[in-house]
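The letters A, B, C, D and E name the chains in turn, as written, and every chain counts its residues from 1.
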């Protein structure tokens, strides 16, 4: 089925959602690579998790399985927990180094 | 007869128990040394049980124990001795008290560590010689590196750790292919047992192409350990740095024994094919070591290159693949063990008293330390193969069998190298003991002490006895497994062990 | 039907959780200012009980619980016991090395114990959702522990690096889970195993495998996912490194075994060469990079990367042999690595400056026991016979050779020769006579309490037992390996997450 | 069992009153675009606050997409948990640390030389895989919506264990956050 | 009926003496040391005499004794401790133990003031032990024991004054040069083993006898190898260089080892293995040529040496050359005959020289002696007997034996006549330098004033006298009877074209030549003492060449020793060992370290780089898993590997 026929049938192929998810995921990865602030880097990770969530929801829709959605629910919880810990770590870093610049956190190398 | 069944286990356990005991008891004064001496004497006594009850002419391994150790993979605690290993075990036993006494005054601190590791080393060496399960064997083989390396690092003369690392890497890395080869054999046959593997390989059921690689891996590990030219890079530094008691056991024995047992003995076809190369390398090694020994300035280094020369001679005996050559090679391993031990002891004593190993610093010591000089001369003569002393018998057997059974040319070249041996040893004797008294000789230094005499004279007498009465040793040496047991054989059978052989040198 | 109460299936986890809660409660109820060292004993006791409980689980019939989300089998018991053991040793180690009056000891012990819950659960989980949560629990605990010396410059840096990269890798793992869910419609491992081979979108399965491997290989610090390891080990407190270099890794390897052998057994031809390549890369990179390292903790970090490589070599093995070898290696690696970090901890202390190799010079003269133990554990890491490290390597490469990957075994063993170079550098520094001018200015007076001695004893005993009489442990690993296979598909569980069928080993 | 084919139950009205096909397309394009735009903006903005706001846009848009896919509960949770709680936390920390514009640091050449090709590859491979995938089906607004009730029925039976275990996760997160973020008595050690 | 001769006592008694004196001598009183040291060879001598008596009483020779326990019994090699007593060993034993005993007695006086008295005697006994083993040995290997052993004793005794660098050097040189000869001996033994399968002389002889057509070929090679050994031990060209230096040892040592016994071992060995030499005309001619050349060569050097012992040393080499010449012309009995007489007079010469040195307080330079006749009359007269003997004047012992050799040579065709001529020239030179020595030492005026020569004690003069008697009468037995006696052991040479007239002619010629030599010496060193110097000045090159012994030591040093050392040090030591092998190890290590350094750079510390690597890994994994490599690689025929595919 071509996208055009979907258009006519007024249905969105799940492929689109998945592609969006992949794109968002990749943007998240790029974000990790280019952002210079620890907090925004962390945000990029959140973006990646969201992208994955979209995939889960899409697949849940495809398989008509609740489990995919529940998975997303758990991911949200985990994300929340991670956020708490991650931000605490960032605060600790800031206290110790008074900077949030990713590139300055390179005391340990080689 | 019960003791016959467990004697090998006792031989393994006694030094180990001694090591544990030494490690547990406090490091007070000479207590560890006394304990180690006691332990080593007991274990020496135990090893003497072996030749005493060895049954000549009995086929197969004796004092054999074969018990499962690990179920899967099937590793057995399989130990036993035959003529090949019998005297080597005794030699290790003999060198144990010698080593302890060699360290008596040389080791001044951390005696506990030293003697504990020394005894562990003993265990490992015993283990190597009596193991008949390849895994157990490999275990002991590797284990033997550790105390050696640590002690070189701890008691190194100038740059111990560096030499220790060199030693360790040189001998450890080649055992990697060895282990892979053993594993391959196991994957193929499901057994690590030497006897079974020999029969399996012999039956020709193994893929020959892969066996080549396996045999080569075995050989490589052993050749480095011996060391065979050009793999000797570690030896000189090790000799220079290692404490005397360790250096005297480091070279030769393990590698040469393993060559005979596990390369020639396990892969007759493959070893026969590489034998010409080994013979060539051995002869090169003989000459190379002798030439380099001539120009060394440090007596440890001189000894190292001399050792290369002598060990290469034994290698020649092994890869000549003649029965007589093997007799000679095994006998020469024993000789080399005894002679080298005495030489190390003497040079160690000199170094302890005069605090240098530079030959040039010495000279004219003979009148100051006449006993040392006398024993040194005797030992040197044994080393250069003076008839009536032990070195000669082995040398003659090896060279004559090479001449008659292998190649005139190589034998002549090897003989030339042996002749050169006189040059460097006598020159060393001269530079150390003769000539005008050097500044060093003026220093007050005691001649040999009672303890040292008590070791060296028996060794010297042993050299004489071994030179005069090899008949004590050789009949049992010929009672060996893994290589054809027919007298007068020229070479290994092509594929089977039960082929009969042409007489050697009978034309 | 399964007659075992579900709670028995997660008994160790429950005990550990209760222990954690107890630690928190006691911590809260103790008046401030009172020494909190006793909390460590509480945690250790709880862990010991959990250990016993996991051993006790052997008596349970093999089977699943909680609607087929967790299972109990010799495999899980093996790893439970291993993890509990490691945690116990790490706790004992911390008891004597944690500064008495600071550092939120309560939180520390609770975190360790809760982290253990995650690790244990990770090995027991047969439902990817549980896997994910368990992984997060263990990860978050280690993230925090890695940065526990938050007042130093390096502690938070270690934590943030570990945290961000860990989350990054977890996102990949999660994406993989999403894809496998997309391909099969389930996240239950047995169901996946049954459905994946016939999945309509096979490439989805493959992509899922790759992405999941990213997350798992990150946890086991295999090349090229190893980059975090040296930095994090350097910054984290030594007792924590002792824990985090072993326990989460053990759990991650259990997960890897489960994923490749149980979830994707049919993709053996894909992941086996992949893991072989990763193995070679890991051991080579780890060993080479460690060669020039002066910082002991970084060196050991690289060494742990190399060991991940040796371990991965076992995955080239066929079926049970590979699983058993890998399991055994995990145990051996854990024993010796905990041991060596225990020694490093005692030598350099919790508040260490960076422990450099020269700081170890003459250790055997300062403290024969510590020096000897250091050398012993290093010997085990080198793979000297009659130590656990030897048999670990032996089984691992044996499995590889059995699987036909002779080249892998050769490279691996040559690598272990290479590795000897840097291990020996440390060992011989310890064995070297200390010269006066090097002056042990940075030396730290080792506090050798009962706990730390017990910890060292445990590690030594384990390493020796694994080296001399590995039979029992190996037997356990083999029994575990037998149970790590997906059950045959039955009509009722083709689609769905729940199965209450007892599994036949 | 969870695999009932349709989760739409009689009596539940379609989620959106305007169940026009075109509407679906418009909504998808709009919010997918918003998502992407937000994500890109997140990358482009140099101030953390702006990035955080962009992320909130992404999350909210995703919530709408969840709705389009019939995940009603998730859409709500997305807004509440993610956009509401988590991002507030982010913003809070940004404020707390007074994080300004990103510093113009040297950056990482490796990230550019290795990272970007890698990302392109990842995206390419994933896209290929997705595009090649068969039988993924499609979504329309006629599809039912998963009820929260049903969701919770599964959550509290079949997935009870993960749910319970999550409590440990939360606990550990709290513990960790407390241990790390608290200016505490721990600093006494540093005096020496 | 063979009685038991207890031959084993002959070597073992001296050995016991060696052990006792060697171990305990330092603590024993001097008299006891002396007693032990003398008793051992004396009793040995007695045992020999007993054996001689037994053989006279009808003992069947060869008689052999074999130790019931074999020595080396390994694989195909069987060697026993077997002693053989036949005519040849009888003669040798008499010489060795007899002369040896005399020299022992002499040494008691000569060495009485030496510090290492006990050491000296223990070494001497050791020498006796090895020498008798050498003589008695029934197989080549056992002979080799004695062979090497006497070398050892020689080494020890030469280096007796070990504090002198020159002495220590000389000892080492002797041993090493001998070793080169031993190399030949060893190879010879290998060849014997390879071709005969045994080392026993009797078995070899039997096998040769069984195949009479077997000549040349490998036998030549064996013979030449043995000859190499013999040239080493008997100081023949080209291995003679050690013997002159060996004079660093105490004089009795020079007398016993480096004149009477050990150096003749080569001759003895050739005689012992004559069965092989007999089958190889080429080898025999080589022996003869070597002998003749050495005789002449050494004699020329002897002409100009100023050290009394060095003159004697070169004379020894020269005389040994005669013996080789004798062997080379298959006149074994003549060679052995000369060996015996030479033992008498050369021992006497050395002992007398020792007496002179003793009397002169250690002075050895001929130029500083002179006029000793009156001060040391006994020494003078005994020495005179010896000089006449060596010069070949009848009826002294040397006359008979030397002429027997020359006569035998003359009968060997053209080559033989050439060799004979060389022998005669050598005889001239011998007479000249011996009388030169005689004149310079005893006649004329004393040329040094600060020493006060005195006659030696009777412990020294006694042996001198006995040896003088032997030097005079030792040859009276005559070559005919001697040859007949030895014939069972060494065969009987057959000269063609010999006649009594020819023999007498040759004898007269030889005596005339000797007289000429005496006359020249008389002219140059007695009548016109400045004549020698003038002669030397007239031929500076030749004189210098001779004085410096043809620069042979230097040539050896520059052609063999130094190149070998340089090769070892630079090529092997630096290039091969350090540069190539060491470099290889270093290179491998360097590569590893470099790899480490590069991989460390991976660890840049930058979080974003790390993430990039993670992303890279993810991408790589995805590619690996999803690209069907087998089909991709199949398009490249190179890669037919079993890469993961699906």
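One rule holds for everything that comes next: a residue touches a chain if its C-beta (ideal position, glycine included) is under 8 Å from a C-beta of that chain, and two chains touch if they have at least 3 such contacts.
Remember, predicted model here, so these are calculated numbers, not experimental data.
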Count of contact steps on the shortest path from chain B to chain D: 2
Chain pair showing more contacts of the two, A-D and B-C: A-D
Identifier of the chain whose CA centre is least distant from the whole-structure CA centre: B
Reference chain B; chain at largest CA-centroid distance: D
Rounded Å distance, chain D centre to chain E centre (Cα mean): 101
For chain B paired with chain E, centre-to-centre distance based on mean C-alpha positions, whole Å: 35
For chain C paired with chain D, centre-to-centre distance based on mean C-alpha positions, whole Å: 30
Chain A-chain E separation of Cα centroids, rounded to whole Å: 96
Of all residues in chain A, the ones touching two or more other chains: 18, 25, 28-29, 32-34, 41-42, 58, 60, 62-63, 65, 67, 70, 74, 78, 81-82, 85, 88-90, 92, 95, 102-103, 105, 107-110
Per-residue multi-chain contacts in chain C, two or more chains: 129, 133, 136, 140, 143-144, 147, 150-151, 156, 159-161, 164, 168, 179, 182, 185, 203, 206-207, 230-231, 418, 421, 497
Of all residues in chain D, the ones touching two or more other chains: 2-3, 107-108, 111-112, 115, 119, 122, 125-126, 128-129, 133, 136, 159, 162, 166, 169, 172-173, 176, 178, 180
Set of all touching chain pairs, with the criterion as stated earlier: A-C, A-D, A-E, B-C, B-E, C-D, C-E, D-E
Contact footprint of chain C on chain A as seen in their complex: 18, 25, 28-29, 32, 38, 41-42, 45, 48-49, 51-52, 55-56, 58-60, 62-63, 65, 67-68, 70-71, 74-75, 78, 81-82, 85-86, 88-90, 92-93, 95-97, 105, 107-110
Partner chain A, residues of chain E touching it in the complex: 600-601, 603-608, 611-612, 615
Of all residues in chain C, those that touch chain B in their complex: 364-365, 368, 372, 375, 379, 382-386, 390, 394-395, 397-398, 401-402, 406, 409-410, 412-414, 416-418, 420-421, 424-425, 427-429, 431-433, 469-471, 474-475, 478
Interfacial residue positions of chain A with respect to chain D in the complex: 6-7, 9-20, 22-31, 33-37, 39-40, 42-44, 46-47, 50, 53-54, 57-58, 60-67, 69-70, 72-74, 76-85, 87-92, 94-95, 99-104
Chain C partner contacts - residues on chain B that touch it in the complex: 23, 27, 69-73, 109-110, 112-113, 135, 138-143, 145-146, 149-150, 153-154, 156, 160-161, 164-165, 168-169, 172-177, 179-180, 183-184, 186-187
